[in-house]
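Presented sequentially are two complexes of subunit A, the first with subunit B as partner and the second with subunit C.
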Partner chain A sequence: MFDTALTTADLIFLAKGAGMTILVTAISVAIGTALGIAFGVIRVQFGAALTAPLTFVLDIFRSVPLLIQLVLANAFLGMVLKLQLSGFFVACMVLSLYTSAYCAEIVRGGIDAVPATTRRAARSLGMSWGQDMRYIVMPLATRVALPSWIGLALGVMKDSALVYVVQVTELLKSTQILITRLQEPLFLLMIGGAFYFLISFPLARFGGYLEKRWSND
Partner chain B sequence: MKKTIMATALIAATGFAGAAQADKLDDIIASGTLRCAVVLDFPPMGMRDANNEPVGFDVDYCNDLAAALGVSAEIVETPFPERIPALMSGRVDVGVASTSDTLERAKTVGFTIPYFAFEMAVTANDGAGIASYEGMKGHTVGAVAGTYEAIALEKQVQEWGEGEFRPYQTQADVFLALSQGQLDATVSTSTVAMANVKTGNFPGISVVGKAPFDTDYVALFTSRNEYGLINYLNLFVNQQIRTGRYAELYEKWVGGELPDLTVPNAYR
Partner chain C sequence: MFGYTFQWNQALARLPKMLDGAVVTMEVAVLSMLIGIAFAILLTLLRLSGSRPLRAIATGWVEIARNTPALFQIYMAHFGVASFGIHFSPFVSLLIGITFNNAGYLAENFRGALKAIPDTQTRAGRSLGMSQLQAFRYIILPQMLRISFLPMTNQMVWAVLMTSLGVTVGMNSDLYGVTQDLNALTFRTFELFAIAGVIFYIITKAITLSARLIAARLFRY
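On to the complex of A and B.
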């Protein structure tokens, strides 16, 4: 018979970790997406030359491993700026910027995918830039960008496992704590994986549902 | 003239900077939180209880230190290799992490006086009639292969010229063999010995004495230039011993004979 020292209290402990993963992911994806849309629109609107500095900064966030970003940001904020920030705040901040860098690319790609002729037609009909963005570009670009955005959100959720370095006990860290205490690594990793699946699956399905609903046929 | 003004301004500026700079001790008190690096997979010094809360000798020690400073304690879990990097990257203020005060490490961080010592203890099967380290002469003894105590013990057996030494793969194997009577005695770290005897998984064994091997002294550590804090920590360690709190914590988490934290014939 299968025997484990795992108790109900431990499962609640894991669920708390999963709650933290969801919270960090939700905040980071929300802020990151808002920033990403702004950065993406700015990049398309003002052209490559003018936005080169912004592109460069975003490229840094995309190319430096998240773990290094977290450790360096935490050390910089705490030791150089002497700010007393919670690990949770630092985690959300770094993860938001990280998300925004990827999201900006997705938004840019989405806007570029709207045919220039369509946009010119909108302007010819007397639409302002705002109306063009609101009624023409946004609906078309969102359809193109949605699958990548869902992928990004799922990616950020799994990347959020790295925030343990700034003392945020999320799902993977909770699992590791239990592994250290109970010495049942394979079983606990399976349970941790199941928790991740439970969180990710609804989001992936929701994305699929939206895609289907928004398709034109 | 210009140079004099500039020099004066520079001296004044450094003076101000010096005066305005609070040291780490002030920073900790001002922030209201003491962040301790603690290793939580090293029972009984650091571990987690059934509610997954950190407990252990080091955890209690950090709480005592925070109470003395009048701040709240934050236990930052750091694996063994992460202890000093955690301090260097500003994630913790103090290491309360069973860290051996080696000269190599002292090039990077500042150590206090030892706050704990890992002595080697002799654990024997009750039926073997061994009452001390010397009592092991002529008996079958064993330890975990490759460890410091195994090498020293094997050498001792050869020196005695009688008895037998048997190496084992894990610490649990050694205590199992001891409990089953395949071994008469073993030498291991006192904390490990007491922890295993206490579990009750190995009936018929008990810790009978100390082994005269090198003691592993461990100390608190912080940034090496924080003299104010290091002074405070040294006094704190001293007070813990003076007030009997050290003995109390030792009895609570380890049990048995209290290790001596001073080195004979030395000032510190």
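On to the complex of A and C.
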């Protein structure tokens, strides 16, 4: 078990895969969060009835396997619209929308957690809607939403392992490629798994800590 | 439009095969949930136990399940254990992978639910002459399952979505696997996967709706 055919070049190959995982995650979480905040605010602001179509579309992203979303987006953009897009672009696009669907729920929960009386007090002090959002809702909602958001970001990182279907070689795919060549599945999978674990575990702990620290009781 | 001819008929003709796949998907999801809940209860007990090594094993399980991709866990159950000369069929590997994942997440949910149940209840049970296990079985467990009913339905939905990963270990009888095989035959990628997506959507909606109905019936006070 301690003899391995793994070379430095292979390790660099794995590191590139890890870099791709982080890159895809970072882009998707950044865009997805921005969209998610917008969707969340829209949903709260315009009420359930008016935003039912938006809710429905976002719900689809949470009810259909990510693998199918990626294949569908790839087939639609590539075969139907005949656009020449890289797998990387498709992966980031789908993952961003996927993230935004979950983020919208988190944002909505955060805004709902701000007491209506507090917001009315702000408005009756003469604050505009924007000021109320900026100075009252945002700080209070962030406390509720941030721990879940950290969980979401980590979830997206783990789900980014699926972008291999659109020909993006991220960490798990590069592990898989090395396994096919070196035939040392256990050892290689442990390296790949350890990478995810080492990023995810401390951040998840930090999220749990924030949740405990910021809870109202 | 688009210069692409949609051929829904070709794809729809394969609907019966895909529905057969959906049944297998449901089988895997339900089995993984049932076994997963059993393991999650076991993990919860281990985490409550006084023995340090047992607690470490349970915590290790939960943290690995929660902090690595489900795909990694399925790979481990298929290619990883193959290093020890154990070869599972894709169905079994997928089932083990999802069950491992379910058990980890559910155990964490159960731990949260336990916090909501006052310690005094266990002590009351104990002073009525129940053993530690009886107090857990008759007093804590029913409340714990009730409190975590909603997270459990969420996990069930996740389990259904996770079955699509079975294709990576060669599973071809579940909904995603069947769709992939049909795609190789007919090359109607968009149409086939759109139908598969709709079936997945209907399954998840059916789960959340029926869970809501069950909850309304079971949890009336």
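Criterion: the second predicted complex is superposed on the first by the 197 of 217 C-alpha atoms of A that agree within 3 Å, B and C clash if a C-alpha of one lies under 4 Å from a C-alpha of the other, contacts with A are read in each partner's own complex, and residues count from 1 in each chain.
In this section, contacts are C-beta pairs under 8 Å (C-beta built on N, C-alpha and C of every residue); 3 or more make two chains touch, one makes a residue touch a chain.
Note that the structure is predicted; figures quoted are calculated from it, not measured.
K.L.:
Could you look at A:Met79 and tell me whether it touches subunit B, subunit C, both or neither (first, second, both, neither)?
P.N.:
A:Met79 sits against subunit B and subunit C alike.
K.L.:
Touching A:Val107, do we find subunit B (first), subunit C (second), both, or neither?
P.N.:
A:Val107 contacts neither subunit B nor subunit C.
K.L.:
Looking at A:Phe201, would you say it contacts subunit B, subunit C, both, or neither? Reply first, second, both or neither.
P.N.:
Only subunit C is touched by A:Phe201; subunit B is not.
K.L.:
Could you tell me if A:Gln167 is touching subunit B, subunit C, both of them or neither one (first, second, both, neither)?
P.N.:
Only subunit B is touched by A:Gln167; subunit C is not.
K.L.:
Using the touch criterion from the header, give the chain among subunit B and subunit C with more contacted residues in subunit A.
P.N.:
Touching more of subunit A: C.
K.L.:
Give one of first, second, both or neither to describe whether A:Met93 is in contact with subunit B, with subunit C, with both, or with none.
P.N.:
A:Met93 contacts neither subunit B nor subunit C.
K.L.:
Is A:Val71 touching the first partner subunit B, the second partner subunit C, both, or neither of them?
P.N.:
After superposition on chain A, A:Val71 lies in contact with both partners, subunit B and subunit C.
K.L.:
What is the contact status of A:Val24 with respect to subunit B (first) and subunit C (second): first, second, both, or neither?
P.N.:
neither
K.L.:
By the touch definition at the top of the document, which applies to A:Ala122: first (subunit B), second (subunit C), both, or neither?
P.N.:
neither
K.L.:
Which of the two partners, first being subunit B and second being subunit C, lies in contact with A:Leu58: first, second, both, or neither?
P.N.:
A:Leu58 sits against neither subunit B nor subunit C.
K.L.:
Common interface residues of subunit A with subunit B and subunit C?
P.N.:
Residues common to the subunit A contacts of subunit C and of subunit B are 71, 75, 79, 82, listed in rising order.
K.L.:
Hey, which residues of subunit A end up touching subunit C in the complex?
P.N.:
Touch residues, subunit A against subunit C: 60, 63-69, 71-72, 75-76, 79-82, 154, 158-159, 161-162, 172, 176, 179, 184-187, 189, 192-193, 196-197, 200-201, 204.
K.L.:
In the complex, go through subunit B and note every residue touching subunit A.
P.N.:
Checking each residue of subunit B against subunit A gives 27, 31, 40-41, 47-48, 50-52, 76-77, 89-91.
K.L.:
Using the touch definition up top, name the residues of subunit C that touch subunit A in the complex.
P.N.:
Touching subunit A from subunit C are residues 2-4, 63-64, 66-72, 75-76, 79-84, 157, 161-162, 164-165, 167, 176, 189-190, 193-194, 196-197, 200-201, 204-205.
K.L.:
Which part of subunit A faces subunit B closely enough to touch in the complex?
P.N.:
Its residues touching subunit B are 7, 9-10, 13, 71, 74-75, 78-79, 82, 84, 166-167, 174, 177-178, 180-181.
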